[in-house]
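Read through the structure below, which is laid out as structure tokens, and then see the notes.
Chain nomenclature is as follows: A, B and C, assigned in order of appearance, with residue numbering initiated at 1 for each chain independently.
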Amino acid sequence: MAEPLLALAGVHTHIGQYHILQGVDFAVPRGELTMLLGRNGAGKTTALRTILGLWRASAGSIRLDGAEIANEDTPTIAGRSVAYVPESMGIFAGLTVRENLVLAARAGPPAAERLETIFRFFPPMKKFWDLAAGNLSGGQKQMLSISRAIVEPRKLILIDEPTKGLAPAIIQNLIEAFAELKRTDTTILMVEQNFHAARSLGDSVAVMDAGRIVHAGRMAELAADDALQTKLLGLSLEAHQ
Amino acid sequence: MIGALLSGDLPRSRLLSALLLAVLAGLALAPFVFPGTKPLDVAAKACVFVLLVASYDLLLGYTGIVSFAHTMFFGIGGYGVAIALSRMETGWSAVALGAAAAVALSLTLSFVIGLFSLRVKAIFFAMITLAVASFFAILASQLSGFTGGEDGITFKVPELLRTRLVAYYLVFGTSLVLFLVLLRVVNSPFGRVLLAVRENEFRAEALGYRTVIYRTLANCFGAAVATIAGVLYALWLRYTGPNTTLDFGIMIDILLMVVIGGMGTMYGAVIGATIFVVAQNYLQEAMKAFSESMKGVPLLPDLFHPDRWLLWLGVLFVLSVYYYPHGIVGQLRAGKKA
Amino acid sequence: MKRADWIPVGLTAAIAIAALAFMGNPSTWLTLSIAGLAMGLLIFLMASGLTLVFGLMDVMNFAHGVFIAVGAYVGASVMKYLAAPAAADSLLENLGALLCAALAAALAAALLGWFFERVIIRPVYGQHLKQILITTGGLIVAEQLIVVLWGPDLVPMQRPTTLRGAFLVGDMAIEKFRLVAVAVGLVVFVAMMLLLNRTKIGLLIRAGVENKEMVEAMGYRIRRLFVAVFVAGSALAGLGGALWGLYQESLTVHIGAQMMVLIFIVIIIGGLGSVGGCFVGALLVGLVTNYVGYLAPKVALGTNILLMVLILLWRPQGLYPVSKS
């Protein structure tokens, strides 16, 4: 089996006096979409932020493509071709859609085919190209945030609850976009609470609880095992469509 | 008994206790130990500034607020009593009325400033207090009919205060009493909440304390005490003017005293203010001597010119903020355990 | 920011027009308006760096006035050194001397700014209380050092020969130096706007003011940009200081501290972090100071504070608030 792209071993994170991550061990396989599931407060967002260096891990190792990144600063880690779509979307409200994308394209102006792909997934991006991003609706902002992550090819994309608070039609749109994204080389680590999205997109899955990984494996197996779902997540993946 | 008097806030260091006792004795016995007009003047100024700086420590050291408006309240006290005594019959009722009006004005102003600005970031608050204090200083120099303008107001004090000795002990006594009151306040449950708010506002709010209320109360109380310090100073000088009370330089001096003395200790105000006032009056002569002996050497005479003593104090201040945030008192306490 | 918000600009124009109505005399009005614009633009020069630094780095440098003062004093010294070309009756030589003085002022302030950022401010990032204290302390020390180097007395600053006096148009006197100030101020403003809106660096600055963390998560080392912005802001303050000294025709060591209150008012009115807001705010303050100074001199100095209070009651975050994440 190929080396995982991202491997966490014994990662602890303290925020102030709170011990959030209490020894996280898991691996993100190359080229797949890994779902990170768990109850609220389990530490999923903290895990993503720690990987990106926004929180400094107090102990443990984080290896990205063979390199140890646990002590690197955020711009360095991002420079290793890692993109981040935060829960709060992090779009720059005063900048236009175009400017947001130009900023995200580190290597140079966005390539034409990439923009075509983005416009295909998310038509509002083309429509509101010169509009200040603060004027976009919630769903459109999410589209912009994801567009920024894919405006250039990336090795790893970290996505935090992309479907949160969005209308079902938009969620469907996002799921289709992610499905197509999966056909590229990109590795994706996604935190999700929407189990329908999780089940349809995830190749592998890791479940967190109280700062630790309590289950890791293939999504297909978890989806088929109702009893395990209930035990880990408190309810069935089926029930949340 | 001493513990009760000091509200349980003991000096906690032999050297500090010794220093504090020395200052107390010096100030209490000043008229007898240091005869002459100037030493008594210095002593009175020390008493007033100990009180003024202690009231500022309540804001800065205990509540974590930086305000540049403290001299405004100091000035309000001075002007209140000056205007009352120059317009009304010279007597204690004028003093009382002037002081009461001044405290009322200060409480109102500090309350309004507090509510308006304490909801915003510390930096915003500092800038707003700077603007308000400047406005007030301008007002004081413009409304010359009322305030005597740039020249200030000279006035007569009640009979009893015309004896320097009596006046001095009024200043000393009031300062001492109010200082002990401040000690009580910061060691009370109210004071503990202030410290909690300063450490972690978010947490304090989560624990159910309406931090805006606490900070506004601290702001108001500090302002009121500063006002009384202003009243005392005016009564001593028999004069109030923009340069004795409202000058931005005085605000800077207060900052220096509280940081060098030690923020959040109250005793820091005693040490800081005493050292400052004494140095301001006597150190400059030493500097002058040194500067003159260095004539011919480039730069040195200018660096040690007596007017440049603020330079060295400024350097000390910057070093204190970086390395010794608890100032002299903190250093003494860390070094020796009583 | 939806469509460009022209209300504050309209407000400025309205005030100017109202002043004309009050005054009745167009030539007085024109003189005062130009004075107001000149003053406003010089304040903009001095304030723009401070507001951007605050917006981007969350640092409030209470010692900003020092850059103004150092710029003014260095400018004065250079002008004295170049007294010959400055006194010559040639516009070219005069402008040359002025340019040298201005560049020297900006450079000196930039170096001081770099020193400040490294030594004084960097250790206290994120700690607002300490920042206020340390920068105030820095202000005290720096002001004293200026006195050590240049002496405590008033330093007169002579305008170059061809820039003295005024153009007489009909019965209106338009001071020549004021026009220079307006020209420089406008050039700087336009250059800043172009930089902020048309370049990638400008993009980074605007994005960084909103959300530093996200910019870093996109791979940019925004820390390096901080220093550059801080130094640039200091340089502009120095330039403003030198020109202000020439505008006032004299300098004291307190020039920096004196401007600080006005600068704080301007950046609060404009909205912390907004260069456009700073521009409009500065023009408002410049115009109001000059109009009220003529119409009701006693109230003049306090009017700006009243203006600030009124604007805050209307828009509590300033004229053009920056959306912060």
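What we mean here is this: a residue touches a chain if its C-beta (ideal position, glycine included) is under 8 Å from a C-beta of that chain, and two chains touch if they have at least 3 such contacts.
If you're wondering where the values come from, they're calculated on a predicted model, not measured in any experiment.
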Chains touching both chain A and chain C, listed by label: none
Central chain of the complex, centres being mean CA coordinates: C
Whole-Å gap separating chain A and chain C, where each centre is the average of the chain's CA atoms: 44
Chain centre separation (chain A, chain B; CA means) in Å: 56
Distance from chain C to chain B - Cα centre to Cα centre, in angstrom: 33
Footprint of chain C on chain A - complex, ascending: 52, 54, 73-75, 78-79, 83-84, 86, 88, 90, 92-95, 99, 102-104, 106, 132, 134-135, 148
For the chain B and chain C complex, residues of the former touching the latter: 64, 66, 121-124, 126-128, 130-132, 134-135, 138-139, 142, 248, 252, 255-256, 259, 299, 302-303, 305, 307-308, 310-311, 313-315, 317-318, 321-322, 325
Footprint of chain A on chain C - complex, ascending: 1-2, 200, 203-204, 206-207, 210-211, 213-222, 322-323, 325
Complex contacts: residues of chain C adjacent to chain B: 54, 60, 62, 120, 123, 128-134, 136-138, 140-141, 144-145, 147-149, 152, 257, 260-261, 264-265, 268, 272, 298, 301-302, 305, 308
